[in-house]
């Protein structure tokens, strides 16, 4: 077992873990103050639910063997048969071209965190208006029916896209396109927020958005570079390209925004960074510095344009999961077809397009069915009154902020004694 | 010297460092806006004080030699005799079963940060009401008289619990039980907050709590996995189990809370995460995935129940250090007695119980004496007026937030010129 | 290629990346609520601009060859000739004293992030009052004319300070003195904030400052330890000293502040931490634990004193870039002259002073010229009205916070429909 | 002159602003407030402790109006603010002695 | 009808609410305010600069009351708000011309 | 007695406080407010959507004054608050029936 590579993957996994709370904060800052906790929780709960499902059967379905090029088998259910001496192959090779061996547990942890963040990405599209209990069910079903299969297609030997030679290094297709298209389907079922296109819905805290962006960007080095499952020069190239594309996308987004709307905004810079990170994800291991710049700039400009589409087309993708993750994911996935230093060309482009569109088709249908089934049974959407009051209060029985005892702001009252309460029970809708 | 393992420990140390500010934010978000800075500072100052004490004599007392199975000697005072070529043994071994060698400085740094966070953990219990100067004295005395000895007992060859075979991998006993019981003793001396059980004391910023949770969780990978002092398959198991137990505890806490109080709360999810992290700390290297799930769920449910105890029993553990760290630490420490894949059974359980209860007994008494002595000499508790006004203003001469110049909120006035001030001196009680 | 060292440098690079958003938050928390976004953006944009310039020509100018001991050549423009098999030498050596080889891309990424943070450091001095478009131009020119040359002098074989034997391990001279003196020059050109010494300018969020400090401190382990470009006992010493000096500086700052102003403040603790980190940066690899304590305490006390100077001398260095980075950088750079365990003495001190003062002279002049040229052409300073209204609104067309829909605070109105807007274009000055 | 004060549900602000504008009134001052009354608050849960929050967010609108317009204005505001549910709030008017426009020093009706 | 306004120390709100309720008044409106007066503020320190903060947090309570109750209500509030220390605040009453309950349009005493 | 209310630009608070103090008035109560009027707001951009923000930050100052001082006080405030630009705000005065100092129970002029 290679200690260096195992250690690198473990640390990368810690970095990927922090992306999910980072995403929670990124999204949380963008909503109004009455839905910030719900937004945080929609991401955070994925850490709880998906980690467990992954251990129970997700890892097995995604990475153990292959059934019909479509899904894994049940051999590794509950991590059966895997112990601390088990290994998997790294993409990094020794002088003889043999892969390094890393601890299987490190790979399982690393991939678990990819499964965790993918459904969390969709939550931004549904901000402000869904029942939290329904969301939990949705996450469990979606990750099982959409993510585990697609991860198998793309990353597992035997998976049909993997076998076809689609390049999806760190998850442009399996993670971002998958979540982006899922978000679109879910939004179409759930419908628009009350007041969409009419009420002002300013981000309640842009510093929170920046904190989230910082954690996402930081963690993304683990996400991208860690995907080599080991360290060599290509790992370093991946990390470097991650930085380059992100920088370029910031600039791309800001320039487009300056021309179109007259300002260089903070939200634009953060959004550009995420768009760049998304776009370089599938491709960063296979392009050179200029390729990374090009992918970044294109992603920045196009995503900056794409986030306005929802106003024109009328779907209410609250925090632009479609505009950033679907569009950014497609850009990265397709561009690498041409820009890949080793394999680029029409042939590869065709494969990339096949990968992107088949995942879009499959996941759109599956997600639509899941969301529709939830809507018709337990109900997906919060009641109108709950939505207007705010999902923090109605779904979580909490208030995000109480600055009342700070200087100059101080109605800490109107809130009474916790004690009696502590000894009695009461229902709040969640 | 093994570069891979040394590097892993160094990075783990950086992760453990960030846990202390993470804890500061976790606690800081939970208090009212008038005590947030004090809460931040009670943790943060531990980074200042304990780091220096560790270098001066703490490391020596904990890890250099052994005196009577109780404490180390003075040989390594001021890090005497240690230089950059010195090494210590890793728990990881090579093919021949020999431990790897890591740079002594990396071990010293890693362990220093454990000593830093342990007293900081107690601060949550004392929120809102202690004199900051007294807290600094308390930290210095407590770490010297409670932490250094107990760390020696548990982790140093020669320490009586170590020699007995108690499993306390990354610090369930030395860190969490120790801090939890210390918090209880300190609270009993210091007394209840004015308005306990009567006034509302809502968390002033749950997003801050989540930021803190994210940093804690992230850093905990370093805390737990880094405790192997090197990388191999068991390190990977530890990291994986850390994630699994945390996820399970989130779910355990939330389910209990939903049944008991009718809501899935954000504070519950964050608290559950910390409870799971606490509980897996002693045991994560010695259980399998199902063991980790079990420990996590039990910790989540039991800690969720335990945090209400203070209202019934009447001790004012402001931020539930007892309910989460003491209870969670005991759960993890005892459960590993049975669940340990290699040694589990009644025999091991007995050792675990001995470890847990002897530390509880010792530290309770020592802490009570320290706190009482401080109370009787310089005074531990802030004056009633200072407490009502808020410890931020009275202990630190600062206000946490001033949103006054933001749009829609703008009394930046009533605050006057810093200049004259800058050239004169004035006392504020701290 | 050494996988361990390359991996360590890559992870260190990720840590250094997070310092720039950390700095943004550290500074952002200190300004008034009407300029926080501008403050965040002044740092954040450096990630965008400098990363790209570094790839295009910065790396080449700093590290490729040497022209007249002053600057690099153009051979590595656009990273020409470098691929994933290229390596550079580590400072860490094998048993035979030969340097390890790390992937060139990891070195390029690591050094890129140093170039990114250096101009960002200056932004604190200019808070509240500059045009964002002018700042972007300033960053691009400054990094090209001041940073790339000085980095070459200090770190590149051939650079005159490098050849002279100046110790500037992780950037006391190239980063902190350089940024500190640049900030002073820029401030002298741009002038004071309206209301300087008269209006109250309280930090709007000290928790944000602490979040920033946490990320800075965390990242600084990568900054300092990573500068060895590999792992061995000296790397561990560097990391340990980083922690020690920071702790000592917190204590130094707080004690001075307590004596002088009567309070232990949160802002003081955070500022002390940064002062300690700055001071240990050039020297941490070359001193022992007592040296680190000494450097830390001196930096804490002196910087705590130095931040008041601006009120006496009358330059408006808004967030004390001079008082912390210039002063702290000079302290560390000079003290290592005596304290270096291997080379310390008058001779080394002379070299250190030469390094510090020549960079101060050069960069002061260059920065003054750049700032003056910008001022006279496109204008550096925002209009008086824009400054009074707030640079967030006038430069970025955004508001940092809107807590209006939170409980007890709720004018979400007065903000109207985004839709029509989305289809028309409007100019905002930026 | 009269000072009309309305304490109403926050999300009615836009309707009220529009209704006033239609009526010909172009200025008003808004403050954030909290109301206590028949409308019950809600319960929150923090670590096993349940809190009753009984102050409800409201906004407080002030409009200076000429004597003759006052009654009609009250009706306009009441109509725009009404949702028909408990907690809709109150509107009241006070007699004003002097009113001045700061910029010009104009007094009385001209100050509006 | 009268409008009674009280500017008092924030932590007295609960007592005042209870005293009013005991008296039979079930509604009030609260705003956050800052007071300047005899009560001195405090000093804060930020990086060597000392700031004097001279506005003190207060809350501002408004209660509509029937004419006959007004004087008694003022006494109730004053008693509940009193701590005896400087900065306890002020209570004043204004004459109200009309008061309307938005939900029903009821006027006068019925509006309360 | 009169209650003088001023809705003015936030950054004039210090000048007003000083002018009042020079005049001999040592107490006042401040609330944060937002104003809507002739002064236009500004535009903000969030991900391609432009928002018009038409409420402008103001502060609302209340001063209790003796009858004889009221008119002069209004002038003092108006002068101190004036910048001459649109949005300077309004000052108005209301008749007060009773005013009480909470701490002592003093009424009328003594309450100030």
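Every chain is named by a letter (A, B, C, D, E and F) in the order it is written, and numbering of its residues begins at 1.
Rule of thumb we're sticking to: a contact is a pair of C-beta atoms (placed from the backbone, for glycine too) under 8 Å apart; a residue touches a chain by one contact, two chains touch by 3 or more.
To keep track of the chains, here are their UniProt names: D, E, F = Nitrogen regulatory protein P-II.
All of these numbers come straight from a predicted model, not from anything done at the bench.
*Asks:* Have a look at where chain B meets chain C and say same if over half of the interface residue numbers show up on both copies, different if under half do.
*Replies:* Under half shared, hence different.
*Asks:* Report which interface contains more C-beta contacts, comparing D-E against B-D.
*Replies:* Greater number of contacting C-beta pairs: D-E.
*Asks:* Go ahead and note the Å separation of the Cα centroids belonging to chain A and chain E.
*Replies:* Those two chain centres are 49 Å apart.
*Asks:* Using the average of all C-alpha atoms in each chain as its centre, how far is it in Å between chain A and chain B?
*Replies:* Here the centre of chain B sits 31 Å away from the centre of chain A.
*Asks:* Would you kindly tell me how far, in whole Å, the mean C-alpha position of chain F lies from that of chain E?
*Replies:* 18
*Asks:* By the touch rule stated above, which residues of chain B touch at least two different other chains?
*Replies:* Within chain B, residues 4, 7, 11, 200, 202-203, 205, 211, 260-263, 265, 267, 308, 311, 393, 397-405, 407-409, 411-419, 422, 426, 428 contact more than one other chain.
*Asks:* Give me the residues of chain F that touch two or more other chains.
*Replies:* 11, 17, 30-32, 34, 36, 44-46, 48-51, 53, 55, 58, 94-95
*Asks:* In their complex, what parts of chain A are in touch with chain B?
*Replies:* 1, 3-4, 6-7, 10-11, 13-14, 17-18, 21-22, 24-25, 28, 36-37, 40-41, 44-45, 47-52, 55, 78-79, 83-87, 103-106, 108-109, 112-113, 132-133, 205, 208, 211, 215, 395-409, 412-413, 415-419, 422-423, 425-430
*Asks:* Within the complex, which stretch of chain A touches chain D?
*Replies:* On the chain A side, the touching residues are 388, 393, 397-399, 411, 413-419, 421-422, 424, 426, 428.
*Asks:* Please give the residue numbers of chain D that touch chain E in the complex, ascending.
*Replies:* 2, 6-8, 31-38, 55, 58, 60, 70-71, 74, 78, 81-95
*Asks:* Which chain E residues qualify as touching chain D in the complex?
*Replies:* The touching residues are 1, 3, 17, 26-32, 62, 64, 94-103, 105, 111.
*Asks:* Okay, in this complex, where on chain A does chain F touch?
*Replies:* 200, 202-203, 257, 260-263, 265, 267-268, 271, 304-305, 307-308, 311, 320, 323
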